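A, B, C and D label the chains in the order they appear, each numbered from 1.
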Amino acid sequence: MSLEAAFADEPAFVPYIAAGDPSYEASLEYVEALARGGADAIELGLPFSEPIAEGTTIQEAIVRALEGGMTPQRYLEFVSEVDADVPLVCMTYYNLIYQYGESDGPRSFVEAAAEAGIEGFVVPDLPAEEAGPLRNACDEFGLDLVFIVAPTTEGERLETMKAQVSGYVYVQARLGTTGARDDVSDHTERSLARIADWDVPKAVGFGIKTGEHAERIVRAGADGIIVGSALVDIVAEGHENGDSTATVADRLEEKARELKQGALAGAAVEQ
Amino acid sequence: MSLEAAFADEPAFVPYIAAGDPSYEASLEYVEALARGGADAIELGLPFSEPIAEGTTIQEAIVRALEGGMTPQRYLEFVSEVDADVPLVCMTYYNLIYQYGESDGPRSFVEAAAEAGIEGFVVPDLPAEEAGPLRNACDEFGLDLVFIVAPTTEGERLETMKAQVSGYVYVQARLGTTGARDDVSDHTERSLARIADWDVPKAVGFGIKTGEHAERIVRAGADGIIVGSALVDIVAEGHENGDSTATVADRLEEKARELKQGALAGAAVEQ
Amino acid sequence: MSTDSKFGDYGGQYVPEALMPAIEELTDAYERYVLNNEDGFMDEFRDRMRDFGGRPMPLQRADQLSARYDTEVYLKREDLLHGGAHKLNNALGQVLLAKYMGKERIIAETGAGQHGTATAMAAAHLDIPCEIYMGETDIARQRPNVFRMRTNGAEVNPVTTGRGTLKEAISETMRDWSRTVENTHYVIGSIVGPHPFPSMVRDFHSVISEEARQQIQEKTGDLPDSVLACAGGGSNTMGMFHHFIDDESVDLYAVEAGGSSLSVDEETGVAPNSASLSTGNEGVLHGARTKILQDSDGQIMESHSVSAGLDYAGVGPELAYLVDEGRVEPVNVDDDSALEAFHRLSQDEGIIPALETAHAFGYLERVAGPATEGRAAESRDEHHDRLGDSVVINVSGRGDKDLETVIEETGNRDLDNAPDMSIFREIGGGML
Amino acid sequence: MSTDSKFGDYGGQYVPEALMPAIEELTDAYERYVLNNEDGFMDEFRDRMRDFGGRPMPLQRADQLSARYDTEVYLKREDLLHGGAHKLNNALGQVLLAKYMGKERIIAETGAGQHGTATAMAAAHLDIPCEIYMGETDIARQRPNVFRMRTNGAEVNPVTTGRGTLKEAISETMRDWSRTVENTHYVIGSIVGPHPFPSMVRDFHSVISEEARQQIQEKTGDLPDSVLACAGGGSNTMGMFHHFIDDESVDLYAVEAGGSSLSVDEETGVAPNSASLSTGNEGVLHGARTKILQDSDGQIMESHSVSAGLDYAGVGPELAYLVDEGRVEPVNVDDDSALEAFHRLSQDEGIIPALETAHAFGYLERVAGPATEGRAAESRDEHHDRLGDSVVINVSGRGDKDLETVIEETGNRDLDNAPDMSIFREIGGGML
């Protein structure tokens, strides 16, 4: 299924999780649990040692994954092992994409990712101005390239992104790094207005924690919601408490269901 | 007995000891022991808190005396209590002489010292150029003012001293501060030659430790010998070992005898 | 983004989207105030660097080293700058710029604490609140600098993620900035990070070579044959090189930390050195494409050096470019030689250098020093070819901050010229 | 001995006879080289102070303090001199003079270690062996400075007599000198001791006021209304005052250490202060007649101050004279106010001062600061009468050396403006 298709019928629920957190096997089960819970696509983090765009929650997930032995090569194996019928988006930092393979540049990694079953990329430290080579490689192998629009993104920069974006656009709901918050920003509506004429689905992320948040975001006009820290929190807590993988997987599935239902509710009221 | 008279008949032996080291009573006995041992005059230290001209040995004696409660007032009492028929020379630093009594200046102290029985002064940090007021006070009360001639004293400075000195002249046998040494400096002869025409007795000090040293110094032309550290060492050792005052006094008397005999021997050969 | 943001392929602006507006605003301010002296910004900067910082710094002939190496050795004395290192040139420049931009809050990262200290001083001087992010491991081992920052009124925010060192502090500061871009300026500590930082930080430090180039000509009537500076991120380095770049007769040496070894341990992801110019390769770190220490996957390695200020896995993109162009020669000096050079400069010239700085002097010894057991002396001709007849070397900072490290590290090694420190064993007390 | 050796009745040469020739030789050298620039001595001195020391030091307007005190406050930045205090002016001058005199060895005393450090640096720079006498108590509590001296190649001789502090170190150095006068020069650390030291040390430091007098006129077009400096022995003080002495419109304030109290304890012979100008009386100490802290017998008292460099029972004879003449006003500031001023200058101006220096700023706060519980604010007029419209204050040194003391002493007190230091309790580490 293509990325855009994931948003076609109803508001999409797009969870984020770091591959390998806290172990290869556990996170494989978590991905599948999220799919069972209703994920329409999954942003699967490939951990990088300097995740400058992440909040503490996801940063710590990345540390756990790296300590668990996750590497780009293992990640690709992981992706091909995932047993779930949802598109997978690779979320990582540019240096890992750039270094992969014999010669410098993104092409080798994109090729390998496409082969493993990745449908698209989100690269938070790659601005649209520098994205040319990655965009080309994605085009070559039929992958999407998602960009993040921040509340502060304006003018020429918006145009540059619009020209290159595909799959969906990741609308950052507030300033700051990732991390679950208790409030839902009122930036959302304004952010969506600025990109109303883009012809890709608009997924809103940053700080969504509950079904009710999800509902409000969708009601504000989002085509989908992206949820990371609220899920990673569950993984972290399970890890700290020594809970079994199955227990944690169940909690994730349940949380996913809550979020997906919230999103659906948002759409229902709107109609 | 006047100071000059102490040198009249034979080479004089002039010991130094700090009043109050390690206690008032003990040092009173030590002074008397030295007299019994043959001292012709005694330089009696009035302890000052910053004895910049002393070596470690005498500096530590001064610290002991200060800790034992010695003050200028107690010193004068001490002097009047000494039961020995030898002239006493007050060796101290100028600040104590200067501060004594109601009004600044040396007169009050000189008057009180004369009354207590002091015959003269040695003030190592008072150069002849600054000695006017003290010289005047000494004249007024009939006391002597001894100066120290160093191996390096020359020219005009020698003349200034010559004009003011009385009692005896303290010939410093070598550079450095006080302290017993194993060798006898060959500066002695040259130093004595430079002041050959002075009409006061020449007492040589700094580093004399044994009867044999004393003998050689006298043979080199000295009218007397001054011995400090070698005696203070005996006091210090006795103090550290907890020896009785009487024991220490006996040792001092014996050492005094050795030194006096050495001086006499030097004179005997010379004749 | 203008093409000026690049040095060849190096540089650029690899940052989260949320930071881009701040980066653009900063680029604009940089062009207006720094490049075009709008509102007299550069005049005020120079006045304050003179009165508060103590500029100009002297260029001093090193009498003993000149004799030892049979070449004229001149020292550019950045160690005399307020705070004790070149760092203030940049910190004061950026804090002042933040005020011109109407920002109300300063944040910065620090590793060894030198940049944090300089930033805290500049912020106090210009009366603007300041928070410094510092890894908790670094806080524990750099307490004097933590105290200096606190004393200057800065908040010190301990960073507890990861190993609690510089890398984590940078990430944490970027995180703060992306939440607070609207009222906050991030004072980055070297010629690293996204454009315009590498160019702007270099410009603030370029006064070093501006002065030195004039001073050496006044003193010798000529340009030097070579110029040396240590390189961590490379800010003192580019400051010292900038105005000599066009002087083709002048050789430029960037001296990196060779650490304990130049080889890397892929297994543990540790490089026991910080020699990214000599041994690193192209990649993207902390907002810029540059030479970095990374494993074959592209994960950033932990670097190591006895000198905390050189202990960084990246380097400024401009230096990476100049090395590729052949204009700057990257060399390196290991921990032992740096410590030896620390003691040599202290004893022979009466200047206790920062351990960072000592690396530059270690290189001088290596190419021009007398023979040792491990190394034959260069012949006179060879070394004169290498260094020439006159050498300018940047004393980027003073070593007061390194006393404890040096006592400890000297004790662990067998250095020919280490002073006898038994007095510290004989007599008790607070240090060590 | 020329009458120049006296300041009124103060000064002179109260030294053991064995030292007189050295003193005379030195007097002769002082007159030839320093006063008459024979063989270009003063030219070389000034060149080296520029290149090695970093002179001139800036005169900086203190923006925040000027606002706080409603008067123009200018800082003379001796803290930027190599070594971190004014001390090098004198140390380099004397070590250079020793070389001109053909001496082969340098000795000096030190208390807090600042003078010893400066002397060790100067001796290394001029390649002459150096030994520093330091009390063993001081060695234990000033380890960073001991390390700096050792690092510069100086021998540090622990003095074990008495309490093992500055007084004993001076006596021990004089003892060494009287044994070794022929080849050794004794670099005394302040404007104390026998003539020619007080005049000579003042002359080496007078560059401070020479520069400041010109700088303030360049900046304001006028002379300042008052000049402030802390006073221990008084070398930074006379350096700061010298060229203003003839300017009758300029008020001169010497700020002494008030310690914990101005009253003295005759019983124990302890003065819990170091305010010899304010509370001492005439006497003879360490070779000169001057104002000293002594008991009624004339025994020298132990002085006390939170700042080791002011902790001395005497003061330079020239200052004693100028106070008697009414030209210099002696004032004092206690330990608490000095610590408060330390934190204020650090926070408000980004300059961490030496604790000695902080005393001078404490006085500024007292006469011109806002009201506190214990003290009513001066009315504007009164304080303008007192300080005038422009004040120059000497920042005699930087406070890096005092970090441990300040952490400890701040912890013992209840200061309004002390930064929260809980970060030091939360996180372990070497300091404290």
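Here, contacts are C-beta pairs under 8 Å (C-beta built on N, C-alpha and C of every residue); 3 or more make two chains touch, one makes a residue touch a chain.
Just so it is clear, the model here is predicted, and its values are computed rather than measured.
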{"item": "Chains touching both chain B and chain D, listed by label", "value": "none"}
{"item": "Most remote chain, CA-based centroid, reference being chain B", "value": "A"}
{"item": "Whole-Å gap separating chain B and chain C, where each centre is the average of the chain's CA atoms", "value": "65"}
{"item": "Centroid distance [mean C-alpha coordinates] between chain B and chain A, Å", "value": "96"}
{"item": "Cα-centroid distance, chain C relative to chain D, in whole angstrom", "value": "34"}
{"item": "Chain D, residues touching no fewer than two other chains", "value": "none"}
{"item": "Contacts with 2+ other chains: residues of chain A", "value": "none"}
{"item": "Graph class of chain-chain contacts, one of line, ring, star, complete, other", "value": "line"}
{"item": "Inter-chain touch pairs (all)", "value": "A-C, B-D, C-D"}
{"item": "Of all residues in chain D, those that touch chain C in their complex", "value": "50-52, 54, 57-61, 63-64, 77, 80-82, 84, 120-127, 136, 139-141, 143-144, 146-148, 150-153, 156, 158, 343, 346-352, 399-400, 403-404, 406-407, 419-421, 423-424, 426-432"}
{"item": "For the chain B and chain D complex, residues of the former touching the latter", "value": "48-56, 59-60, 63, 66, 71-73, 93-100, 104, 124-127, 129-130, 147-154, 157, 172, 175-177"}
{"item": "Touching residues (chain side chain C, partner chain A) in the complex", "value": "1, 12-18, 20-22, 24, 161-162, 167, 170-171, 174-175, 178-182, 269, 282-287, 292, 294, 296-300"}
